[in-house]
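A, B and C are the chain letters, set down in written order, and residue numbers restart from 1 in every chain.
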Amino acid sequence: MAIIKKVKSIELFMGKLSHGSDLLEEITDICRKRNIQLGRVEALGAVQKARLAFYNQQTHEYQFFSINQSLEITKLIGNISLKDGDPVVHAHITLADKTGKAYGGHLASGTVVFACEIILEVFDGPILERKFDKETGLPLWAMSE
Amino acid sequence: MAIIKKVKSIELFMGKLSHGSDLLEEITDICRKRNIQLGRVEALGAVQKARLAFYNQQTHEYQFFSINQSLEITKLIGNISLKDGDPVVHAHITLADKTGKAYGGHLASGTVVFACEIILEVFDGPILERKFDKETGLPLWAMSE
Amino acid sequence: MAIIKKVKSIELFMGKLSHGSDLLEEITDICRKRNIQLGRVEALGAVQKARLAFYNQQTHEYQFFSINQSLEITKLIGNISLKDGDPVVHAHITLADKTGKAYGGHLASGTVVFACEIILEVFDGPILERKFDKETGLPLWAMSE
């Protein structure tokens, strides 16, 4: 059964990431600097190249791959919570090339921003901490009803 | 001309769906149990397999198809309203395979969750009820200015 | 370094666009008529045909292309700000065809709505005005810390 917790939106930010920065690290930096522990982020823009991951549900390992070309970010969506006490951004991304072909996956470090506009919402609520989940092998939120 | 109505965000939830559950039914269940009649939902994660639909604009019929492999959910976005008095979740989804190739469509029952993190926002506002729309053949919101 | 500004959600709308309308222009019209200068929009639905763009990061020019078939909108996400004093909607879109193949890009005029449901959120905050950015060649927000 789904487990959901009530949270509250307490702050909202809009802005842009810097040209040449690492997409995932730049968003994570914002969270670290402002001590954001819970929230959501969305973004659109373009990247110079992308590094993504696909989670292998059988071997329980992320398989990383790169797309070494400029791409539009048609959508980045992510949530912010804690892992080992630090803010962690879990983001998935959809991209498109010059022919309109779409790509996607779990956003990894190594994705380089060309231009990126973000909206970041900070939540107040219960501490959501990622812990190893045996069933999936993933760092999921340790939650109970 | 577009018809839009003012709504108000009154509750916000963050959480996870259960491994092995039906993605669309699990979100719909949350709405039924909490009597959520209006809102929006977004999610990311992974599925064990997907069942999607494409709406044929000529014949006015949904064409269903399955993707029988594990996939990342790069984005699920949906809205919550009413149909025949019951909450209905209208969601579209974008997925990606191990090569990064993206797929998408109208989310149908039969999509099985591997892991899924959701943010669900409850709105207060006018009743939005889906009724048969002759022009498109779709159950659209019966709205007037 | 990222530059972000605090904004505040002040109004929320939910509704539908009209069959046969131009997707980008219809959303822009809503903003013009209601004098919305800052915000975000999301949508799902279907289009009769799409016109998208890919930004060439070398030549600094948008390359436009059309997909002349009916497609599901698996996700539209956009932000609203100002350019030359007028509201401008910057939206990216992900689409899918009858086989589930996904497409995406920068949304351009010429994309025709079959059916489309939107959620539009109005922000109060600093004026975000798009100005020519030399580094990228794009009309980005003129922002300073």
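Going forward, a contact is a pair of C-beta atoms (placed from the backbone, for glycine too) under 8 Å apart; a residue touches a chain by one contact, two chains touch by 3 or more.
These numbers were taken from a predicted model, which means no experiment stands behind them.
S.K.: Would you identify the shape of the chain contact graph, picking one of line, ring, star, complete or other?
M.R.: The chain contacts form a complete graph, every chain touching every other.
S.K.: Counting residue numbers used by both copies over all numbers at the interface, does the chain B-chain C contact come out same (over half shared) or different (under half)?
M.R.: Comparing the two copies, chain B and chain C contact each other through largely different residue numbers, since under half are shared.
S.K.: Averaging over Cα atoms per chain, report the distance between chain B and chain C in Å.
M.R.: 21
S.K.: Name the residues of chain A that each touch 2 or more other chains.
M.R.: If we look for residues of chain A contacting two or more partner chains, we find 9, 75, 94, 102, 104.
S.K.: Which bits of chain C are touching chain B when the two form their complex?
M.R.: 9, 11-19, 21, 26-27, 29-30, 42, 44, 46, 48, 70, 72-75, 94-102, 104, 114-115, 117-120
S.K.: In the complex, go through chain C and note every residue touching chain A.
M.R.: Going through chain C, the ones touching chain A are 1-9, 38, 40, 52, 54-58, 63, 65, 67, 75, 77-79, 90-94, 102-106, 123, 125, 128, 133, 135-136, 138, 140-141, 143.
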